[in-house]
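One chain, chain A, appears in both complexes that follow, with chain B as partner in the first and chain C in the second.
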Partner chain A sequence: MFTEAKRAVRFVFQYFSANLQSAMEYRGAFLSQVVFMFINNLMLLFFWWVLFTQIETLNGWSFEHVMLLYAVASGAYACQALLFGGSFTLSRAIAEGRLDFYLALPKPVLLHVLISRSAASAWGDLVFSLAIFALTAAPSPGLLLAFLILIFAGGVVMTSFAVLANSLSFWLGQSEQLADELIEALLTFSLYPEGIFSAATRFVLYTVIPAGFVSYLPVRILTDFTLVHVVLMILFALGLALLARLVFYLGLKRYESGNLVVINATE
Partner chain B sequence: MQLVSGGALRKYVRIAEISFTNRVVYLADHFASSIFLILILFIFSQLWKTVLGPSGEIAGLDSTAMLWYMLFTETIALSIPRAHYLVSEEVKSGDVAYKLIRPYSYILYYFAAYCGEFAVRAATNLSVGAAFAYLTMGPLTVNWGKFGWVLLGFALATSINFLVCFCVALLAFWLEETRPYFWILNKMTFIFGGLLVPVEAYPEGLRRISYLLPLRYSFSAPARLVVDFDYSLLWQMLAGQLVWTVLLAALAAVMFRKGVRRVHVHGG
Partner chain C sequence: MAVIDVNGLSKVFRAKTKEPGLRGSVRALLRPTYTELGAVKGISFAVEAGELLAFIGRNGAGKSTTIKMLTGILNPTAGTAQVLGLVPWESRRQLAYTIGSVFGQKSQLWYHLPALDSFRLLGSIYEIPHRDLAKRLDAVVELFELAEFIKTPVRKLSLGQRMRCEIAASILHRPQVIFLDEPTIGLDVVAKLKIRELIKRLNEEENTTIFLTSHDAGDIEQLCKRVIVINHGEIILDTSTSYLRHNYLTTRIVNVKFAEPCPGLRLSNAEILKHTEKGVKFRINTRSTSIEDVLGELFAQADTADISVEEPAMEEVIRDIYRRPAGEGEQDAVS
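Now for the complex of A and B:
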């Protein structure tokens, strides 16, 4: 089992490296995407900066907390987009019968689809995430490691949710837009402090649309560490990943090949 | 640029009608794409209730007015057609040459098509968003007697937004890639257009900058006028809108005239 896990990790990093080299081929475009994404995220913080000139706290959330929230959410998104970028286009691949390429190869289908794509602009999200975290928390190496683990766990939650949303295509056919809306909803909710939401909405955000496990809980762990929260975070990320895998392979039994001869290149 | 006579005007109205009809065919898609608007309005309804409570205000607007304000700015932003991307593509690919020989003004053709599509998108976004805002925050008190001024403000705002996007699209005559500039425009709209909060809530320096740029007159000012009608704001907005419409129209005409000279047609 250990050898298998090692092989899977090596497989992930080989694809990651190939995707990075592919993005770096057009260095100017790559750098401009990174810079623009960094500025994009910075501008999202602008609204909060303006709001906190009018108020002092927001149900216990200060501007620093919101900055930390952005660092965690953009870090989690970066992990999803850099390592598992295929999770964004899975729905179309299912509906158009484009999974044949992966089915014919001796690698785990879901993992292969997920790691086959990587969004170069997400490097900007990662740089933003680390910069804001460094600015807000002035972290020690231990805290930085904890942050990296938390954003990876958040990335796993986002990827698993995207797999679940995209797997609807196995049953519904063309449901790309629905999947996109659900993925967008998760990201959007992750960028607003949970202090603004009612108890009922929070319940939804810790279950159906798990933004709580992408950003709220990691922020709580970073500001007020408890082991229970860490265990809860890891168990949820693991549980959701297993559920996503289960649903995907259940759906795969319904998959119909499109008999398409396609070039498996980034669109 | 051709001048618009009575007969020519009918031609552009017809183009707008065709664009309108084309979009009406995809009405269900437009309603489906309003889901994002609902999501944002839901989050901000909760945010403003928490921040402002029943009696708090930001820039003179209470929580209900803030949500309705945002509904109007977002409706404008989300209803802007993507015709300008098409202009960029036509310029880059050289297809613009085929349009130049047709009996219409290139700029006015796109403006007419833009207006037709914007009307459908705005109607769907506004109806869905207004229903949501009404259910979550309650009704907006509108001064119907002055609604003509508001409509005029929105019409000029639409013209400004078209001209700004069109000018950026025309950069394709000189630049290889215009997407980063659209992207910057998008972000500037977010800040200087006052998409989420009225620019009056900004610190002094930023407020002054936003007063000098066109985006305040095409997003924040008309939206604010609906929720909090005020004659001094109206005159200030109309003056700003007229100045910017004239300036941007002149800029678009000059850019187009100079840009077209750079087109090389190699057959095809």
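Now for the complex of A and C:
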């Protein structure tokens, strides 16, 4: 099992490295994407700063909390986009029959599809995330480690959610639009402070659209550490990943049967 | 020993049907109806180790569906198949270590990176130990003559060079069987010849069984000893390439150059295509007429300087097979 895990990590790293090399082939495009993403995130945070010059707190959330929220959410997004960028285009891969390529190779299909792509612009998100985190407090090595673990767990939640949303294509045919909107909704909700939502909305945000596990809970852990929350965070990320894997492979059975609406039936 | 053994393999797809127009679309949305399409209908064949086989058919005949079932990508509706002793759709990942595939229209190479980087990544996918991979890369680079451009990003390669890299990529793990789906598509004449030469060497030097689909008659004629023709999901012909070449299409074109003009020439069992003062060109069907009889009739009337007999081009033979209605052709098939 240990050898298997080591092999999987090496496999992920090799794809990550190939994706990075591929992005760096176009130095100008790569650097400008990174810089513009950084500026884009900074602009969003700037509006919150303007708001917080007028008010002290927003339902218990200060500007420092919002900064931390942005650091965590953009860090989680960067983990998803850099390591598992294929999660954004999975629906299209299913609809266009591109899973054939991965099915013909001796690696786990889902992992292989997920790591096959990496969004270069997400380096801008990662740099932004770390920079804002460094500004929020004087982070100790321990806190930095906790931060990195939490953004990785958040990235796993986002990736798993994207896999679930995109797997709808196995049953609905071309449902890229729906999947894209669901993925966008998760990211959007992750960037608003939990305090502004009603209890009912919060319930949705900790279940159906799990923004709570992408940013709210990690922020709470970083500001007010409790072991229970850490365990809850890790269990949720793990549980959602297992659910996404289950649903994907159920859908893959339909793909293998060739009866997807979108499959070219006779070729 | 058979490395591919297929028995009664079938694949039925369920496709949604829709009447034309908006009303049809609304009806299909509310109450969808489905129709069953038999893409592959109970095909059986066996391929021996080291064979170089052409599996041909028109677009939509069921070639790709068959390959997808044999590589484990698709599950069949009925029938059985074994590739290297494994049932592909049950042991897909295990089988993947021993087979390779190249789909001419889909690349497995990284577009922006040199082929060498893709080879290294594939080495890791197939879990080839570093030292073995280095040795294997040396051998493959030499066999496919890739040294000149192996460090050039794939996007800068010609289509022919890219296809050489594609095939090289698919044999790094020393597959015993390789499925080549239209490997020469879009290539110029020189590049085609190169790819054919490489496929032949791969088959001869590494004893790799090659399962080839192509629309190019030259690929079939120059590479394969055996041809299976699939049409409407059924095998309509399974025979040797030479049988196909010499016996299937039985028309011959005869070109004759006269020593003296022969204006009144009459040939009772031949169709005269062109008749000038210098010579005559005619077509005969060897199934109903013997060439000797026609030539005897010719020599009796004309003083000839030169004679040549043309066999129909492979392309013409294949076109003729495709044109025949389903069911016809089995009588010609030999195993």
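Everything below uses one rule, namely that the second predicted complex is superposed on the first by the 255 of 267 C-alpha atoms of A that agree within 3 Å, B and C clash if a C-alpha of one lies under 4 Å from a C-alpha of the other, contacts with A are read in each partner's own complex, and residues count from 1 in each chain.
Rule of thumb we're sticking to: contacts are C-beta pairs under 8 Å (C-beta built on N, C-alpha and C of every residue); 3 or more make two chains touch, one makes a residue touch a chain.
Keep in mind the model is a prediction, meaning the values are calculated, not measured.
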Query raised in the report: First (chain B), second (chain C), both or neither: which does A:Ile55 touch?
Result: first
Requested in this report: May I ask you to decide whether A:Gly258 touches chain B, chain C, both, or neither, giving the answer as first, second, both or neither?
Outcome: second
Report task. Based on the superposed arrangement, let me know which partner A:Pro106 touches: chain B (first), chain C (second), both, or neither? Result -> second
Requested in this report: Considering only touches as defined above, state whether A:Ala18 meets chain B (first), chain C (second), both or neither.
Outcome: second
Report task. Quick one: classify A:Arg10 as touching chain B (first), chain C (second), both or neither. Result -> second
Query raised in the report: Okay, in this complex, where on chain B does chain A touch?
Result: 32, 35-36, 39-40, 43, 46-47, 50-51, 58, 180, 183, 187, 190-191, 196-197, 201-203
Query - chain A residues within the chain C interface of the complex - result: 7, 10-11, 14-15, 18, 21-22, 25-26, 100-101, 103-107, 256-259, 261, 263, 265-267
Report summary line: chain A contacts chain B in the complex at 32, 36, 39-40, 43, 46-47, 50-51, 53-55, 58-59, 177, 181, 184-185, 188-189, 192, 195-198, 201
**Report entry** Touch list for chain C against partner chain A, complex
**Finding:** 11, 13-16, 37, 39, 59-60, 62, 64-65, 68, 71-75, 89, 92-94, 96-97, 101, 103, 106, 108, 110-113, 117, 120-121, 124-127, 153
